[in-house]
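Have a look at these structures, which come just after this line.
Below, chain A partners chain B and then partners chain C, in two separate complexes.
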Partner chain A sequence: MAGRTTRGESLWLRYMVLGSWALVCLVPMLWFLSIGLRPRTEIITPQPVYWPTFSLDAWHALWSDWPIGAYLRNSVLAVAGSVVIDLILAIPAAYSLTRYEYRGREDIGFYILSTRMMAPAIVAIPIFFLFRNLGLLDSVWALMLVYAAINLSVVTWILRSYMMDIPKELEDAARTDGASDLRILWEIIIPVTLPGIITAAVIAAIFAINEFLFTLLIASTANAYTMSVALANFTGGSDGIIYNAIALVSFLAFLPIFILVVLIQKNLSRGLTMGAVKG
Partner chain B sequence: MRALFPYLLVAPAVTYLLSITLYPGIYAIYQSFFLVRFNEWIPVGTDNYVELFADTEFWGALLNTLIIGGIALAVECLLALVLAYFAYRDPFIRGWRIVFLMPMLFMPSAVAFLWKLAFNDGRVISDLLMRLGLISQNIDFLGSVPLARLTLIVADVWQWTPFLFIIFVAALQGQDQEIEEAARLDGARWPQIFWNISLPMMRPVIAVAVILRGIDITTMFTNVYIMTNGTPGGTTETISYFIYRQGFRTFNFGYASAAAVIMLIITVVSAQLIVKRAFRSGRA
Partner chain C sequence: MASIHLDNVVKRYGAFVGVKEMNLQIADEEFLVLLGPSGCGKTTTMRMIAGLEEPSEGDIRIASEVVNGLDARDRDVAMVFQGYALYPNMSIYENIRFPLRMRGVPKNQQDALIRRAADMVELGDFLDRKPAALSGGQRQRAALARAVVRQPQVFLMDEPLSNLDAKLRASMRVQIKHLQRKLRITTVYVTHDQIEAMTLADRIVVMSRGEIQQVGTPDEIYSDPANTFVAGFIGSPPMNLIEGQVHSGRFIAPGIDIAAPGHMHGNVTLGFRPEDCGIAPDGQAGLTGTVYGIEPTGDSTFLTILAGDKQVEVKAPRDFRAPLDSCASIALDPARLYFFDSATGQRMRSTQ
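This part shows the complex of A and B:
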């Protein structure tokens, strides 16, 4: 049965379906990349231009007209800081939720999970007032704290899933040798959970880079604008939206994320489901 | 001390989360009983709620969220299931996965601009449809209710189908191959095997994935903010955008908080009913 798999499903159909979707993914991306590499005069035209002139106008404009360096710095600082906060809080929390038996454990775990369901819009106004009263509006610190809060549930649940896989005997052996609980956490659990920690960190970083609503409310100048929200402000007054700059910044943010995700590819599905699927 | 230790380990995380859920929740409930004018808070009792329940824009936003989110979620689920089924035993699965997940790795604000340009500002979609001879003149995608909603749905489907795809592939790869093999030897054909064996086995995973996607889709904000601003006539305004607009465009904070409280109640109830169960069975 040439051209057929063992299941009797035709290969032709399979590659038609998969190939079409690959085009659906790639064509808009490549077109958007071409937007970033063309002059502004060829973007909004009476007839769309499909074969544009190559131009680095947008790249030069990014550096001369916009504080793109500041946007990059803000994104990196806020995201990295938030991931560090998350790990510091989530590692002991996940350890507690998996390695001890105590009253209320399930409820605490579920409470942490349930914060993932909280819509940003529900808490947006109180959080805005909170940071205003603290004098933290338009600061990277506020973003760091908010991003950490958004991702804490995800990070804790991913780590919880990985820690549940560690056989109890590993700890018991160390415990009979007289090691304290904290030493077991530091010297056994953390090294063994490292793939989970990396997965959780990457996923938290992606969500943080993408965050829009809170950043929109908190940031108002280059002091705190991140790449995600700066995009929405690439307008040149009467010239309208500066799409080529937007497209370039989009790919600028895409590249590091893409590399990180390829690195954790094996753990991605487990991370995205907060540990519910073991990929 | 020994008995307290596990609580001490989990306490910092819980405290941190309470400060961004419990504190804002109470704050929103409190504020929803006030008329907030700059720094002046005038108590108005339940006026905000009375007004809200009579506000067609509020009910409209709830309905829009359900329509746009519901259609997008259904399409994403179906596409992801079909794609995952065809891809999971393909020798090039790693390649497919990398290509398919790319849209998910762009910032949502970037994806919103991509489709805003394609549908509206750059008229690319209209032009392509005209070249194919399907339409005879430019379409104004923001001029009609179903088309404006369609642009939001397309943007969401394009970006987030990969999320479900990746999870479904993992679920299919992780399932017991022997059951399928046995069914095949008994003469079952692949659609039967998929429908009667693979799909039921995937159910817990599908539930978790759909819930996670459902949470994000019902809180859709960025695409509305960038692509439609709720036009035409508020028919693409989601509930998140409604709260934002009431709060930060018209500075009607008390009113916006009342809407947030309603959303909070819906969230808490559905979390208790659906999510708890799904995540329990998801780990079975």
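This part shows the complex of A and C:
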């Protein structure tokens, strides 16, 4: 091995370690996919299967037996809508919490965070009645609002930490240059915090797509069923536990987040460190 | 047309006083330089004029209108910030354009203005870059261009040339002075560089610990210092200050025995500039000591003389050389001696 440099070796080692870790993380998803694409008899047999048989039967069955399209649409609508609502509310809120000085600012900041500390079960019943009185039960709009409410505090706090890292002189310069507060927010704060906004949006989306309790409470038909609640449908019923469907729907729910994270991965990693380190 | 008045302006941060009871009148079209050690309140004063900081007490008037409580964007000022404060998300071109856009300068005039400002600071080739892709000096010049791109009522420049090399600094200095004269815009300028202060200023304000020590033309500040702080701050090297006693018309300190104006007595500090004294030809020395150090600078030689335990700087001709520890006799120009009250530091003027 005379030709191999230490540098090459350490690089090789690094890829080995990172590759193995990636495999550990991804195998469950591939395993789910393989469960989803194999016949039921093969999945539940206790004997090891060396030559699996793949087919799209379960996939077709899923789409013909269940309103998967509606679940998918509900999930996407509710999640995307909630993230948009969160950003519209959290960006000005975070800006106010970092820049304006007023009495009780820290308390308000902490209050916002504390809403996240509450056990969800405590508000479950009131929320149910609230939406019933509003006539919003079993609707995607209700889910949108609930997801937005759940994530608002986290999104606000992530954005606040990013905004606190922006030097005050930058805003002073913009103000002397003649910019109004809204202009400063729009032309300087938002572009500069963009990595933070993306990070917060992805985190909120992940939380929202996994939300189960409130969705179950509000949704009762395909009008509002999301992917995560649909999964629960596959465990009861006359057909027993429908492993193929569970696996496929889980995979479907995982896929968009996975693609999203890969697409913005550069921003995400830069964002997470930029929030922590000054300069 | 904008004069600036500070009337009894105080800035407090909690119990700490950043600027004390400041009274200052800046005339229209004047170039005023703030000079003083780090932390003396120069930036704070500027920020109050800009409207970025509210004075705790007192009034600020721009063009004889009280501007207390008026937002920065409603005061027509342009500022170069000590930390540059370039917008990281915008190219240099967009950075310079920002104030034009915010102040509603017609679109078709913007490009020419931007290019003129960029050319003035020699950044014409860097307009497409983001601030992160510029060196420190280039960023500073971009910040300067952004301030001078439009014609405000007041320029505020907080050490705008501190990060440039000597040559560029000299040429920028000329540019700034020329621009200020041509546009006739009232300018407040902060610097640590005395040459900059001397060459640019109509008047200099020397500050220390939040207080004005003296206001005057560069010549007044240099040749007529009001107290030991100003005397010891201006000039490079600054004025020699020697504490001693005056008894019956003689100022006496280790190595020195010279005539003092008649009305003084007690603890007095003598001041004289290194350039106002020379090597004494014969027995007429005002100060004697030993040579402690010798620093040729090219056009002259600076001698450090040890008189008693006090080091004294003397400017000697460029080819002057003397061995260390040899005796040195220094002649003092009696017309260029300054006396200060040792207790208060205030100048004692001769009344004859």
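We take it that the second predicted complex is superposed on the first by the 216 of 279 C-alpha atoms of A that agree within 3 Å, B and C clash if a C-alpha of one lies under 4 Å from a C-alpha of the other, contacts with A are read in each partner's own complex, and residues count from 1 in each chain.
The criterion applied here is as follows: a contact is a pair of C-beta atoms (placed from the backbone, for glycine too) under 8 Å apart; a residue touches a chain by one contact, two chains touch by 3 or more.
Note that the structure is predicted; figures quoted are calculated from it, not measured.
> For A:F254, decide between first (touching chain B), second (touching chain C), both and neither.
The first partner, chain B, only.
> State whether A:L136 touches chain B only (first), chain C only (second), both chains, or neither.
neither
> A:A70 in the overlay: touching chain B, chain C, both, or neither? Say first, second, both or neither.
Once the two structures are laid over each other on A, A:A70 reaches no partner at all.
> With the two structures laid over each other on chain A, which partner does A:A222 touch: chain B (first), chain C (second), both, or neither?
A:A222 sits against neither chain B nor chain C.
> Just to be sure I read the superposition right, which of the two partners does A:P191 touch: chain B = first, chain C = second, or both, or neither?
Only chain C is touched by A:P191; chain B is not.
> With both complexes superposed on chain A, which partner does A:R183 reach: first (chain B), second (chain C), both or neither?
Touch status of A:R183: second partner only.
> Taking the superposition as given, does A:L56 touch the first partner, chain B, the second, chain C, both, or neither?
neither
> Could you figure out whether chain B or chain C reaches more residues of chain A?
B
> Under the stated touch criterion, which partner chain does A:A80 make contact with: chain B (first), chain C (second), both, or neither?
Touch partners of A:A80: none, neither chain B nor chain C.
> Following superposition on chain A, which residues of chain A contact chain B and also contact chain C?
Touching chain B and chain C on chain A: no residues.
> Chain B touches which residues of chain A in the complex?
5-9, 13-14, 17-18, 21-22, 24-26, 28-29, 31-32, 35, 43-44, 47-48, 88-90, 92-93, 95-97, 99-100, 102, 105, 108, 110-130, 146, 148-149, 152-153, 156, 181, 206, 209-210, 212-213, 216-217, 227-229, 231-232, 240-241, 243, 246-247, 249-250, 253-254, 257-258, 261-262, 265, 268-270, 272-279
> Which stretch or stretches of chain B touch chain A in the complex?
3, 5-7, 9-10, 12-14, 16-17, 19-21, 23-25, 27-28, 31, 79, 82-83, 86-87, 89-90, 94, 96-103, 105-110, 113-118, 121-124, 127, 158, 162-163, 166-167, 169-171, 173-174, 184, 189-190, 193, 204-205, 208-209, 212, 215, 218-219, 221-222, 225-226, 239-241, 243-244, 247-248, 253, 256-257, 260, 263-264, 267-268, 270-271, 275-276, 279, 282-283
> For chain C, which residues are in contact with chain A within the complex?
47, 50-52, 71-73, 75, 77-79, 81-83, 85-89, 98-99, 102-103, 146
> Quick check on the complex: what are the chain A residues that touch chain C?
Per the stated touch rule, the residues are 167, 169-170, 172-180, 183, 187-188, 191-192, 194.
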